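Consider the two complexes below, in which chain A is the common component and chain B and chain C are the respective partners.
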Partner chain A sequence: MTLTLYVEDAQDRGGAGTPLLQAKALTKHFPLGGGAVVRAVDGVDFSVLKGETLGVVGESGCGKSTTARVVMQLIPQDKGELLFDGEAVGTRALSLKDYRRQAQMVFQDSYASLNPRLTIEDSVAFGPTVHGVPKAAAIERARELLAKVGLDPARFAARYPHELSGGQRQRVNIARALALGPRLVILDEAVSALDKSVEAQVLNLLADLREEFGLTYVFISHDLNVVRFISDRVMVMYLGEVVEIGPVEDLYDDPRHPYTRALLSAMPSMDPDNRTMEAPLAGDPPNPINPPEGCRFHPRCPHAQTVCAKVKPALVATSDAEGARRVACHMEIAGSGHSRAPALESAA
Partner chain B sequence: MSTSSSTPLVAMENVTVRFRGAQTVHAVNGVSLTLEPGKVLGILGESGSGKSVTLKTLLRLLPESRTDIGGKVMVDGRDVLAMNAAELSAYRGAVTSMIFQDPALALDPVYTVGQQIAESITRHEKISAKAAMARALELLELVRIPSPERRLKAYPHEMSGGMRQRAMIALALAARPKLLLADEPTTALDATVQIQILLLLRQLQRDLGMGVIFVTHDIGVAVEVSDRLAVMYAGQIVETGTVRELLRNPQHPYTKGLLAANLHGAKKGERLEAIPGAPPALNEPPSSCSFAPRCRYAEPACGTALPPALSLGDARTVRCIRAEAGLQPA
Partner chain C sequence: MTAVTGLDVPKTAVAVPPLLKSPGYWSGVWRRFKRDKVAVAAGIVVLLIVLMAIFADYLAPADPTRSSMLRRLRPIGTPGYPLGADELGRDMLSRLIYGARLSLFMGVAPVFIAFVFGSVIGIAAGFFGGRFNTVVMRTVDVFYAFPSVLLAIALSGALGAGIFNSILSLTIVFIPQIARIAESVTTQVRSADYVEAARASGAGSGTIIKVHVLGNVLGPIFVYATSLISVSMILASGLSFLGLGTKPPTPEWGLMLNTLRTAIYVQPWVAALPGVAIFITSISFNLLSDGLRSAMDVKG
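What follows is the complex of A and B.
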């Protein structure tokens, strides 16, 4: 079954070499009053290549959801730039309305994301009608999409959200996200609320849809197993900053940032003869209101030295892995002043 | 583990729980389980499997007016279902206590952590308020809360999530229970905090020699803390065994599916072996295998009668007729 795309400018404009999405020094602060500021996203740089899935991991308060909301332009950034297929989002080259046809989002709470007073076919058809598709055509396409996500339209199309299970509702949200023929789909903890057996079904569905529609995903999750399964590359965030980004297997097999290492070794063991003996970190993740100076991880880092408390490490390419891996750690920066940093010559 | 050893700490026999309402819900349908003193049982299941209801039955926390409980629940030699109000309040906290997923809801927001712990001590022991407060301090030290003197005077909202969880554990341990019930106590926590709490619970369980029943939907969490596992589906235990046996040699198709869906070791690009469909509505008590509609090995016999709990030796049971026929799926 082929589906007609209603978005006329969905063709690849920038060419295969241009990332689909580039975030440059993205910053979003929330003032709390009294001078306090939540530095939710603080100078985040990353790109998402065409057709890949970028996993984003980190603990609560690390800024992963705020990053997603800024990327969707649900909230405007304070600073920084967002390029979609080489064009700045929200300018004359690419208006917000045109951008939002091509970038869609699926949220964690499947129930809160749907209008309880619309049938699910009306919910899925809503976006296209806003963008000028005639109602009858939009409904027809909605029913095709419901079939695609595994909900038989004859049985489900006329139901209301409360008549569906959580897994079924999340399928509706996925169908709705696809209704405008987007190129980028942001999945913010989209499978986290589902039971394990249902989660596996939805992950399989997401993999199928990515293949069929040539989608690019940004997949945000706290579940490291799920991220490993679905992602091509993974970005690790801590207190509003990117600490490490790289190809999924490299990053899981050989994490370079001490925080990435801690996060991975905090995963429960699946081997009863080899249980976790020691927690990798003590205490809770700190509050992003007054993040530490220098490297934000240094108060919890087992390798912290004087330089770490003073100088903020840049996100730099590591010497190996053809520069695909970038790490923000003084131990990776030649001549940083950390005793474990590589010598200056070898970095040249 | 032999049957000749001392009486079990917990013995549930054919327990059923039914909620009356506009629609009757058969939440627990014939659960039998035992727990030896000082051991940890993990109950693994998805939402609606009856795992939390089973746990609450052990403390009689379910709303009496709308709940019918059948079967027998013995804890430390006492018949929990036969207790009157006074016996029940002496039993709660002192013999059995419980920790929950959300410590912000389990702690009282208008009392300090110290006051709450001290109250729970004086409730069960004849002891001065000052001595109770000193014990509360010891308990905060036991659960390794940093600067415990200061935290004694703190209100729950002044603490971080991980610290509140530790405070709730201290509160649960206040009257030195023999049995600790844990209902997803780490589910809401961040990964690096979750492992700290799991290790703390493991340590406390060993040091204090408590029996623990730990309910979770996360296999990894269950493996970290449990000696034995029980897998629940649609209000029944479908399989039990030691953690090792259950992980290496799962017998019930649902256990197998759950292990496959957990993604440990799943590699990118592979298709997940997802269990199709969704768990059944529990409007009727099961009359045949509840998992059969989703089971790839189902045969006509699965739809005719309730599969018996088959013993596979050494406290290992499975509710699947294929196990009976020796037709274990490869």
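What follows is the complex of A and C.
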């Protein structure tokens, strides 16, 4: 006997070919007063295919979390468009409330994201009751979900968040996110605050749940190993922009953007013959209030040339991997004026 | 690929076994409160004073308004007058017992009314934020900028003497103070991840306030309000002392302090008694409120 889902219209509308989520030129600037503006997210383009996990990596302050919050519509974007299964979010075709049944988020801080005054079953049941599920049915469903995420409802359902460990609380948060039967789950540093052993368990749980419920994940993390484990594709962000996006193994084996390369070489190696001998990147990322002209990475880039400081490179498909790889670097753009750029087709 | 739209959970698998009851938040507060000896003692004193006010008819040895010109200003310990007699020969003990009624009422009523209005104002301002918050809170600040004693006296003076008017003016004094606390607590809760998560599940502001905000802000606001009870008692006594509150011969501690003022050189101990009563009551309320605050101030 299957439980009926309360989201009747959660069917695949656009077909398998339509990405589940498309962000088009998403922009979010935070005015600081006095004319200064933090360009937290600046024209971000990406899409998340149905059933895949898109990893998002980048340094602190690169706009990963702001992107997540804009995608969840917790903060409105200044510019740009968000399409869910082919339909614009927040229009008549897909109201915000309907969208929120289908997209859910797990936050980094497992404690702060649970109301300390509610039992965990009440926390998990809250979302469905908002969407009109009777309280008793919502509680029953909450207990089933708690069992799904590995928390025995008999022992845990009536407990309060402070009585649980960090890993257990994050399981509760995952159950809460799943309570509405979403198709897209955004995991914003969801395992970053956990112990390594607990982190591995939660990652396995996430992988199992993805399989079982056919979920699509956007997995935000600064931990490159974790992203490699869980993701199908990876998006690298730098100062509010996407610098590289591509299938996980391609990107890890052959990073094309100098920033991706630096990020990956900063990963601690298990191989003593292959240690990182010098810091791959010097300095902090520039201030997002006043990002550098041209390519935002050029002040830290070992291959920067005059063109990099003047012209902003577009995010273009590379010649390999059937166009699945896209990189924003002048060294990849034919005829960009960078000495390492590939020759133009006509010249060849 | 097919979008899975249901949870394939056999219902029998979760045939709800008995739940282990969680001790919960308030039992934890009570457990920590019990450990605080000072707060418990203060709580007992408050309880005794309240009981004394309720059962004044049975406890008072004499009629608090029966005066005797022959027995004016008797010292403490005079037979028939265990705490002496006041300037009109009335039994001090009986007057203090009856006085607790009005003094407590004047302490609690304005704070309670201000708690209701101040919480509504502060929670609304804190939750909705933005320009609404600025307008509301700056208006509140205008009132807050006045010293509370001066504001109470000015309002009382403008409204005229009387119990109702002093309660009204004290309420107006306390609303901004409670609203400010309510606003700051609510602002913190509003940006908490669990409120974001609730919003992300599609809940509207009303539901979020009811389910997630109230439970987390009313406790701290209430604790702050209890600490205002002593202030309210003292201010009310002050208003009575100035002739702006209760009128004679009603027994009220502030008024008694006022009328006995002239006898301070004749019977200093008797003249000080209403002050002692105000002091004990207000410090008990304060210690009780401190105890509540530290018992509730725990992560979770």
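Operating definition for what follows: the second predicted complex is superposed on the first by the 339 of 348 C-alpha atoms of A that agree within 3 Å, B and C clash if a C-alpha of one lies under 4 Å from a C-alpha of the other, contacts with A are read in each partner's own complex, and residues count from 1 in each chain.
The rule is short, and it goes like this: a contact is a pair of C-beta atoms (placed from the backbone, for glycine too) under 8 Å apart; a residue touches a chain by one contact, two chains touch by 3 or more.
In this text the structure is predicted, and so the values were computed from the model without any measurement.
When the two complexes are overlaid, the chain among chain B and chain C that reaches more residues of chain A is C. In the superposed model, A:S336 lies in contact with neither chain B nor chain C.
Judged by the touch definition given at the top, the superposed model places A:R155 against chain C, while chain B stays out of reach.
Applying the stated contact rule after C-alpha superposition, one finds that A:D109 touches chain C and leaves chain B untouched.
By the touch criterion defined above, A:L224 reaches chain B but does not reach chain C. On chain A, the surface touched by chain B in one complex and the surface touched by chain C in the other have no residue in common. Chain A meets chain C in the complex at residues 1-5, 7, 10-12, 16, 50-51, 69, 72, 74, 96-97, 100-101, 104-105, 107, 109, 111-119, 123, 126-127, 130-131, 140-141, 143-145, 147-148, 153-155, 157-163, 173, 176, 179-181, 183, 212-214.
Listed in rising order, the residues of chain A touching chain B in the complex are 59-60, 165, 167-168, 195-201, 203-204, 207, 222, 224-226, 228-232, 248-249, 262-263, 266-273, 275-285. Residues 1-11, 13-14, 16-22, 24-25, 192-194, 196-204, 207, 211-212, 215-216, 299-300 of chain C are the ones touching chain A in the complex.
Those residues of chain B that touch chain A in the shared complex are 46-47, 146, 160-163, 190-196, 198-199, 217-221, 223-224, 242-244, 247, 257-258, 260-268, 270-276, 278-279.
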